[in-house]
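Going by the order they are written in, the chains are A, B and C; count residues from 1 in each one.
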Amino acid sequence: MSAINTIAFKPALCDGCGECMTACSTVKSVNGSAAQSRIQIIADPLKGSWELALCRQCGDPRCVADCPAAALSKEANGGLISWDAEKCVNCLLCTAGCVYAGIAFSADEGRVVKCDQCGGDPQCVKACPTQALTYLTSASIYNRWGDLEDLFVPGLGGCQGCNTEIVMRHTLRRVGSNTVLATPPGCIPGMGSVGYNGMAGTKVPVFHPLLTNTASMLTGIRRQFKRKGRNVTAMALAGDGGAGDVGFQSLSGAAERGEEILFVCVDNEGYMNTGAQRSGSTPYGAWTATTPLGTEAHGKVQDSKNMPLLMMWHRCAYVATASTAFMEDLYEKLEKALAASDHGFAYLHIYSPCTSGWRFPSGNNIEVARKAVETNFAILWEYQPDQGLRLSRPIDKPLPVVEYLKLLGKFKHLDAAQIQHIENHVAEQTKLFSELAGIGKGVERLAAAAPLSAGHERSSVSERLTR
Amino acid sequence: MERYDYLVVGASHAGLEAVRAIRAHDATGSIAMLNRDPVLPYSPTVLPYVVSGRSKEDRVALRDHPWFESLQTAYLERTQVSAVDAAKAVVRCADGKEIGYGKLLLATGAKPIIPPVSGLDGVPYHVLRTLDDALALRNAMGTAKHAVVLGAGLVGMHAAENLAKGKCQVTVVEMRDQVLPGYFDAEAAAMISAAFTGNGVEMLTKHRVTSVAKQGQQCVVKLENGEQRIADLLLVATGVTPEVDFLKGALDIERGIIVDEFMRTRVANVWAAGDVVQTRSFFGDGTPAGGILPDAVEQGRTAGMDMAGDPGVTPYPGGIPLNTYNFFGNRALSVGRDLPANAGTEWEVLRRNSAASASEPARYLKIVLRDNCLQGIFGVNVLFDPGIMWELILRRTNLSELRQQLLDHPQDTARAVMSGIWR
Amino acid sequence: MSAVLKPKNKVLVCDGNEAAAWGVVLSRPDMVAGYPITPQSSLVEYLAQFIADGVLDAEMVEAEGEHSVLSVLQGAALAGGRTYTASCGQGLAFMFEPYFRTPNLRLPIVMSIVTRDGISPQCVWGGQQDAMTVREVGWIQMFCETVQEVLDTTVMAYKIAENHSVMLPVNVNHDGNYLSNGIVRIELPDQDEVDQYLGDKDVNWHVALDPQRPMAVDPLTGGSAGTGPALFTRYRQGQCEGMQNSLGVIVEAHKEWAQRFGRSFAPLIEEYRLEDADYAIITIGSMAGAGKDVVDAARNRGERVGLIKIKTMRPFPIDAMAAALNKVRAVGVVDRSVCFGWNSGPVFQETLAAMYYARERIPCLSMIGGLAGADLTEVHFERAVRETAKLLAGPCPRQPIWLNAQD
């Protein structure tokens, strides 16, 4: 069964301007009248709020079940509910099945009308000036990858609501079984992904490297298979400590050598498996077990180091940051990282809120991840050598940083000065990334003007100098 | 012996929805759907359109073979069940074959009632329930000059309109005092009746046929008041009765198979849904319930989920009448019940109407409330979303402050309320 | 040593590092990883050059440190590759984390230790402190006496490591400076003959990271739950068995080598002029040459002295050592490194332990020399012989004799 892209509606952002209806009727209706728009924004007469009538392209559509003439069907591919003018007998029974007013009789057209999402480019969404309407295409992830096998065993022993487990399961199922997976000591093997007592936790070959040598062991594995003519994905699912602190040397070395590795860093901002100690990735002000609170101390006193940026300066084949609150973006980047790992080093840095170590209710996981991004605390971007750095979403209108900080127990103690410090840091990072993205655009223009030569030319230095 | 974990007898709205619901929860159990007809499933509701020529008979299949394949369901056409042996958990087919089941759903629908009119078995007449019926009727319509339709229900009214449009002189005979009794209130019914009269159809409500007799190629229809009509074509559309003869008393049957709120019959591992069951009214009163397509779907879903053990199943709330009816370019919609005869002060009726003008058709809207909750809504040429009204009735949504808006703008007001409830 | 020179054998004039590199070339590894450190550097340079020239068809990984060097090879071995590296001193110390794990993963990696003393004081010179310090970790350790033996042992090391009853990594050690830089004439064995000697590679039949044979390498064991510590204990037991099995395998490998190539080396313990000896000196590594010369001279003087040389330090050939000790009445051990807690050298300590299995307890003297590249010449060995001879009549000192203390 396939899932369907959705036109999502945020009533709080809607001001009832009606642009969506105008846009829809312009392209859809016979006489341009907004009354025939397939999307209807209606004022709630009591609450004064704006409400929506629109086809939800339901999974088990009652309009289809109620149609006696086989005029409505849910498309196997993409999941839209389509209407067949030739078969429709205008009995209106479909409208009896719908509780969203997603299909309704149009007096002007003398037939029922419904939204067809404009073939994937909904005009109403484009016309919406307040972002009350958005086109969520995340269903395509499900359609493309929904049937892929989960390659971890069920019942890994992660904490309740663990974000890292989400990252693990999603990434590996996409990367697939022709993979050797390295999980350096930390939460990832700690929850049982390598296995216990002689039993495996993963359906692909998996191992604990040392905390320090993940990228090096993968180097040997990838190169040995390549030597034997086999293209095996060498993949790491590593924590931020293993990647960025004690394991950084081997990571940096492999990246510099351009080893063909897919290195996924799951950043939970500390050593969470061993009881939430500080790492180089722990942000300023955060409580950890080794940056405790006391009369003389109020959490970590240094800012975190920006690992993905460090990796970018290695000129890896691909570097990106991602978040489970933005799965579509994550999958897109995973896709690119996987492709890049075929010819070079790919580094994917995924922010991974830790319910236990950051001290927030496990149900808030995705919300925390989302707020981190929406406040620019964690900026989503990607880098490719020939395209420079690009921002994945706009960073010019962030939510206030406190909207993020207040969600987390590890920041509960912050005083005004500490908050100010974090705000400054976030602002500074935002500025830096805006600038880097600007440089990226320059690179793009340059590349467009004179495409970089591909392939491995073997011209001698003197030849090049005389060109 | 063939055996299926789930055996669904009847291939129409109730059965199809049940198959979908079963497969949604049970990915592996074997399913078979039996249909006595030699074709892919079709809906009886589409038959008037086959008669009129709007629908081509080869394009009315509700589902195709790939659909059954995708749900790993065996579709066995030309397989008529002639008996159910619940003790052995098998059904016997007309050709003698036995099919075993783990769980059985009876969704065999209904068949036309043939009224005890004297002489009826001696004359050729039409009914409309199957595709064959429709094709025969369509054929006969081509040459008929005079037609008599017994019964002013949806089937009869649809046929009368088709016949009238085919330049045939039509008489509709209805025993009760209005057309579409039980579907529409008297006022809407009167508007509908007027449209028919205006189009040359003779509407004889409160009339009874006493006998029919053959007269050459035609037949003579005698009425209680002594009048008579000559017909080239006689259509009997006086209602339906559940298709239960083949059960031969194997189940408890009153006005249909008796089921509980999960569509379970009183026999273990046997469910029933759709026109074949005796549907309880949502209102718990004498309001007619069941016999309509959306109810068949609801019941099919409930039965399928319960059969598969889907924990998401909720009890079937009871039937709420619902009709969408197009006639001579007008649209009549009805959901719920009318004001009862003995209504107390907690009942309230809101009403508006406007007569036809040169550019506008006549419009009519009636809203029935009880304790500020919607009970029924009836409209002619006034648009609203029947699905939303149905849901508002089901949810017993309090509409006290919205009464006037609902009357003035029934569509937008109900949409706004519903949209707010969803969030 | 025999000098049967087969016509097709090449003759080379080279140092121990180049000889080791040729041994690697002949063994056809899939992957070589390296990181420079004195006095090993030229060894990996030779290999890089051989690969660049197409003499050796292997992956070369110039890792960013020794820690990664061995880690890369672990990965390659788990993926089925034959692998090689070399290191020493601080490099070995930095490598310790993966080094420590290699035998536990039962990976048949071969690594030369071009032995070097440990800092501080800062020094870049030879000495066996590095190899001796890691002798308890589970690698097979063999010490070479000559440049030719370095080449030959490097090849033999693969045969030993990859034996199914062994499956353990092997260190082929040669002394920094003396062997690494001393240039001599050696013979290069024929490649076809070496190919036959080594047979097919079969590196990861027992433990693999390969999507065609998915398995979890190193799931968490032990603890109070599940199988408890028993699984871990059985694993260690098997490792010890592999180590003991290697004693016989090492002997066989040397025997076959001698048959094929006409050169034989004592595989475990060499007994030199021990038959009618009253006493003996015990040596390890390249110093044995000077020791043997001094023994010859003493014999000429009529002294009944012999020499015991250790080639295989791990596993320690206890029985061979006990048998050699049975032939004499006193021994003096010359160590090229220090065993701090015993106030002696490590070979001395091992000798004492093996003596438990000898017929009787005989006087045993610890002498330490050759640290930080210090010379161990005939002068030093003459003293060693002298001091050992004293044990036959006089008391046995508990203090070590520091042979280069006055140089």
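Annotations for the structure displayed:
By definition in this document, a contact is a pair of C-beta atoms (placed from the backbone, for glycine too) under 8 Å apart; a residue touches a chain by one contact, two chains touch by 3 or more.
Remember, predicted model here, so these are calculated numbers, not experimental data.
Arrangement of the chains shown, judged by which pairs touch: a linear chain-to-chain path with two open ends.
The greater number of contacting C-beta pairs, out of the two interfaces A-C and A-B, is seen for A-C. Centres computed as Cα averages put subunit B at a distance of 93 Å from subunit C.
With centres defined as mean CA coordinates, subunit C is found 53 Å away from subunit A.
Note: centroid distance subunit A to subunit B, computed from Cα atoms, is 49 Å. Residue ranges on subunit C touching subunit A, taken from their complex, read 30-31, 33, 59, 61-65, 67-69, 71-81, 83, 97-98, 101, 208-211, 213-221, 225-227, 231. The residues of subunit B lying in touch with subunit A in their complex are 13, 16-17, 20-21, 24, 43-46, 49, 54-55, 59-63, 70, 293-294, 297, 301, 322, 324, 326, 331, 333, 335, 383, 385-388, 390-391, 401-402, 405, 411-413, 415-420, 422-423. Of all residues in subunit A, only 11, 40, 42-47, 49, 51-53, 60, 62, 65-70, 76, 86-87, 89-93, 95-101, 104-105, 107 touch subunit B in the complex they form.
By the touch criterion given at the top, residues 177-180, 189, 192, 194-210, 212-213, 215-225, 227-228, 232, 249-250, 252-254, 256-257 of subunit A touch subunit C in their complex.
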